[in-house]
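Below, each structure is written out as structure tokens.
Shared chain: subunit A. Partners: subunit B in the first complex, subunit C in the second.
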Partner chain A sequence: MPRLPTSLLIKAWEENPLLPRLLRECRTLVSARNELRWLRERAQRETPSREWRTRLRAMCRQRSRGVPLQYIIGDQPFGDLEILCERGVLIPRSDTESFTNEAAKTIQGMAKSRNEHSNSKSLRILDLCTGTGCIALLLHQLLSPNFNLKIFGVDISPIALNLAQRNLAHNLEQGYLSEAASTQVQFLRADVLSQGTSELPTVEEILPQLYEHEPKSHEPGSGIETESQLDLLISNPPYISNKDFWNGTTSRSVRRFEPRLALVPPQSTLPDGCNAEDIFYHHILRLSLKYLARVTVLECGDITQARQVVKMHDSMTKSLAQSGEEAKFDVRIWPKTEQECDENGFHLYDGARCVIIRRM
Partner chain B sequence: MRLPSALPWSRAINALSKSWGLPLILLIPCQTFTTTPALPAKPFPPRMKFDEADLTISYLKGTGPGGQKINKTNSAVQITHKPTGVVVKCQATRSQSQNAKMARALLADKVEELEKGDQSRTALKLAAARKKKASKLKKTRRKYRNLEKDAPEQENAEGLEELDGGQKVGTDAASKDDGAISTEGNTDHKGSSS
Partner chain C sequence: MTGDIKVEDNSSLSPVLLTRARLLASEHSKLADRLSDSFDAKVAKRAGELAPVTSVLREWEKANESIVELKALLEDGDTDEELRSLATEDLDSTREALPAISDRLKKALIPRHPFADLPCLVEIRPGAGGDEAGLFAHEMLRMYMSFCTQRGLRPTILKQDLEDGASEDLLSEGVMEIEAEGAYDILRTESGVHRVQRVPATETKGRTHTSAVSVMVLPSFPESGSGMDSALNFEDPSSDYYIDPQEVRVEKMRAGGAGGQHVNKTESAIRLTHIPTGTVVSMQDERSQQANRRKAWQILRAKIAEARQEAREQELVELRRGAMGGVARMGRGDKIRTYNFGQSRCTDHRSGTTIHNLDSVLDGGHGLETVMESVRTWMADREVEAMLAEEMIKEKKEKK
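The block that comes next holds the complex of A and B.
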């Protein structure tokens, strides 16, 4: 990290003595000013008349130690929602927000082309590694005007599930989510990587609950499936390699204060040709093929990883085709064009990407 | 018709309305008010709407990688209006969607100002505010002028004496008046310029 020039520090101090503290993490004066404004607004709102200055100073001290702004303030906007954040659960990123929007757009586009009516059948959505529940909740907000929904958010961490549940309640209370969300969104504990050997249930074991309120013909396991059982399978799983976690690619603040569980996949037995950081994709793609998911959206760390996921998907479908199951897929990496990157604030070569797989 | 004196008012009025066949409301004596009706404020023209194709919206999340590896707090939104080339940037809140909304409103104001000049929404708003302030100032001026008129003559006289002592000019009274007028003139000037 380049050293901050003394002239900048002096300039910042003259403007406001608290700014140099924030500069340690923000690195630019513009963003330090923004953060100071947001912290001040929060301190004034939370603390009674005179003590807010003390509170603000404490907040700036925390920030200078590298504590993420969202953990200090306690929430993060995500689309039109307000997602509560606390230690032990990954903070929602704006990239994920863009991917969720794109996923909702894909679903809406497909429904329009098929001329489906909203009341025909409920849309089944599974969000794996949900964390704060941000993706599941935002999808409900985006899709509930047009569809009857059934959304499951799954996570292994009890802290995350607790927070997700509170986020659902919080956004209902604030009126950001429609009343229907209280029954249509559910959070459940399961282990995506589990093969049935650990104490926790696997995703396969909890999935039947998604079909509880529907006619029996849709129940999984009843003969040969011809209809898809999932309309959208979406996930932002841990995808940072052990090497990238330590070599400076992952920022210090993230490394120190955000849960490693949500960032780096655990050590486990790897199938052939699968990198350690891609293990979640292997399991999620398997689920996607098993339940004939109509759309699968996976967040990846960068374009290389996204290409790796596409390759994994290709090899899996090829082996399925050999055993007689034919299916056509439309696989794309988003954002791809310069315009898409620019409009959504993505770096052209670096930065997160998502893989969108559509079953044709 | 004679009314029994013991009847309370309400029953009496009821009886009257029945015997005369008039609606109750006409019989109840009520005070009439004359108030000057509040003139409804003339609505400003609505903000102009854009054709989506004319706008380039970009979310500036800062350079470099993103995703889980970095936690960015930057949420600036920049909108370019292609036909006029006006660029607006907003980073007021932490929410991208909120910033986008604010940027749109700002852009609408700017583009309208460019296109319509004096007739734009912002210009009209400013003009209305200026008019209101000017009329308020006029009222205060009138009030203090009246107060001055009513004020006891003594004070004026004392003031004159002091001036006499200082300047020893025969037209002192006139010069003092000038002073008063010039301060008024100042406020007037302020009112019209701001």
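The block that comes next holds the complex of A and C.
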């Protein structure tokens, strides 16, 4: 990280002695000022009487050591939800918020084009590597007015699952989620990478629960396949390569304070042609094909990785076609156009992307 | 029957306005008939708007009738002496009361401002005068916050951009939202350029500086247009205040470099550009991008609606010029008020009112209320003039 110019530090100090501390992470005065205001508001709300100044100073000290703002304040807005944040669980990113919105839009667009009676329509949604539960919960908020939902959030980390559960309760309590969410969203522990050899259940093992209590007559005439059909498979899995974790691509604060478990995939045996950082995609795409997911949305670190995921999907479907299974897919990388990038806060070439696969 | 009354008070109530009042009163009685048959919210609303004109008109007509009767009584030679003196007394007092009634009738005739019932946004920006203007802009923000709080109008700060520079008190742009219904009507006296004259804290030679702060009062529309009058519904393409979402460019600012899990950015600045007018609103005060988006849209809608309303008023002014020559109208660019610290006075240049207790103005208290009230009276007088001009133009057209 380049040094901050002394003149900027002096200017910041003259404005408020706490600002230079925040500048270390924020880098710009505008951003530091905003953070100072947010921290002050929080300190004043949490600490009655005059103690809040002491509290604010402590908060700024933490921030200057690189502790993420969300771990200090304890939450992060995500869509219209308030997601509690805690050490040990990845902080929700605004990029993920955009991908989740786009996923909901895709689902709504498809339902509209098929002219479905939306209220009666059930949707089965699986969110793998759910972390704070932010994607699962936001999807409920966005889709519950139009659909009868069943959402599973899956994670390997007990700390994450505990937090996800509290996030469900917190957003119900705040009235950000409808009452229905208390029964329609569930968080479960499973290992996405497991092939039945570890003690943890695999996704296949927990998935039958997603179909429980459902009338069998659902969509008559389409047979067993529809029975096991998923409407949306979505994931923001660990996707950072070991190299990018250490070479400065990953920011220092993320590296030091956020859980590596949620960022870098663990070492495991790799199928042919699969990069270590893409191993989750391999397993998730396999699940997507197995359960005939109508829509699959995968967050990727950048365009190159997104293209890699598209390639993996292509080669998997090709080998399926050879064994006689016919299926058509519409695969796109989003955001793509300049307008999509501008409206959602993405750089035209850099930064995260998501792959959206629709089974036609 | 009313047509037969000889009008005593021609000097203060023009026939044009009287015709208008009678037109409205007859509309009111028709509506009242319809309402007694079946209730309709729209009709009821219109009838409610017309009720004050109707009742004041009735009062005015009654006063005139009694003047005619009393005069007849006095002119009649058979009237006995005692009755005559009573009648004289009565005539005097009725004549005295008449101008006040006429005045009330005129005011009742002023069409309500289209935004009068809405909550509002107040945008404050420093003008000429450097740091001193930024400082005073901040003081004005506090003045209005306190004014609104004292009156239970529920003000909140929507946006507070501080200037890059010395102290925390330098405002480069502030927007406050006043949620109470009708807040627009209360605060619309404040739009314009406010001038401050004082010796700034930084001035070493004791010289008085003059700087300026511009204030804009904007109508605040609810988030969704449904439930609003169709005339005010910004989602309705037939409304004057409609905004086509296709004409607004949305940008979330972001630099290059790694994204996603690699970084954890806390800011979520958003910028909206209304392409046809070039109006730009940016918002970054909130942690939530949704909240920033909502606030930015609220301000954009307010600015465009105010600009369109302003344009419409300007058209009317042009029309009136033809009818009655120069018309006093204060635009947003005009200097409307001076706060002079040396003399501890506040003068409003529209109403000509001066308050000799600056503190009671700056703390948003009684002083400010008095100044605003004087401006309200001034505005009402201007609006009566404008209305008169309009009616005259209408009449001319009809004669043609």
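What we mean here is this: the second predicted complex is superposed on the first by the 345 of 360 C-alpha atoms of A that agree within 3 Å, B and C clash if a C-alpha of one lies under 4 Å from a C-alpha of the other, contacts with A are read in each partner's own complex, and residues count from 1 in each chain.
The rule is short, and it goes like this: contacts are C-beta pairs under 8 Å (C-beta built on N, C-alpha and C of every residue); 3 or more make two chains touch, one makes a residue touch a chain.
Being a predicted model, the structure only gives us computed values, none of them experimental.
On the superposed subunit A, the two partners subunit B and subunit C do not both fit; they clash. In the superposed model, A:E299 makes contact with both subunit B and subunit C. When the shared chain is aligned, no partner comes close enough to touch A:T47: not subunit B, not subunit C.
By the touch criterion stated above, A:Q165 is placed in contact with neither subunit B nor subunit C. In the superposed pair of complexes, A:P77 makes contact with subunit B and with subunit C alike. Shared-chain residue A:T250: touches subunit B and subunit C both. Applying the stated contact rule after C-alpha superposition, one finds that A:S64 touches neither subunit B nor subunit C. By the document's definition of touching, of the two partners only subunit C reaches A:E15; subunit B does not.
Contacts of A:S178 after superposition: neither subunit B nor subunit C is touched. Overlaid on A, the two complexes show subunit B and subunit C touching the same residues of subunit A, namely 26, 30-31, 34-35, 38, 68-70, 76-77, 79-80, 90-91, 93-95, 97, 236, 238-240, 244, 249-251, 253-254, 258, 262-263, 299-302, 342-347, 350-352.
Partner subunit A is touched in their complex by these residues of subunit C: 162, 164-168, 249-268, 284-291. Subunit A contributes residues 26, 30-31, 34-35, 38, 68-70, 76-77, 79-80, 90-91, 93-95, 97-98, 236, 238-240, 244, 249-251, 253-254, 258, 262-263, 299-302, 342-347, 350-352 to its touches with subunit B in the complex. On subunit B, the positions that touch subunit A within their shared complex are 56-75, 91, 93-98. If you check the complex, the residues on subunit A that touch subunit C are 11, 14-16, 26, 29-31, 33-35, 37-38, 68-70, 76-77, 79-80, 90-91, 93-97, 236, 238-240, 244, 249-251, 253-254, 258, 262-263, 299-302, 342-347, 349-352.
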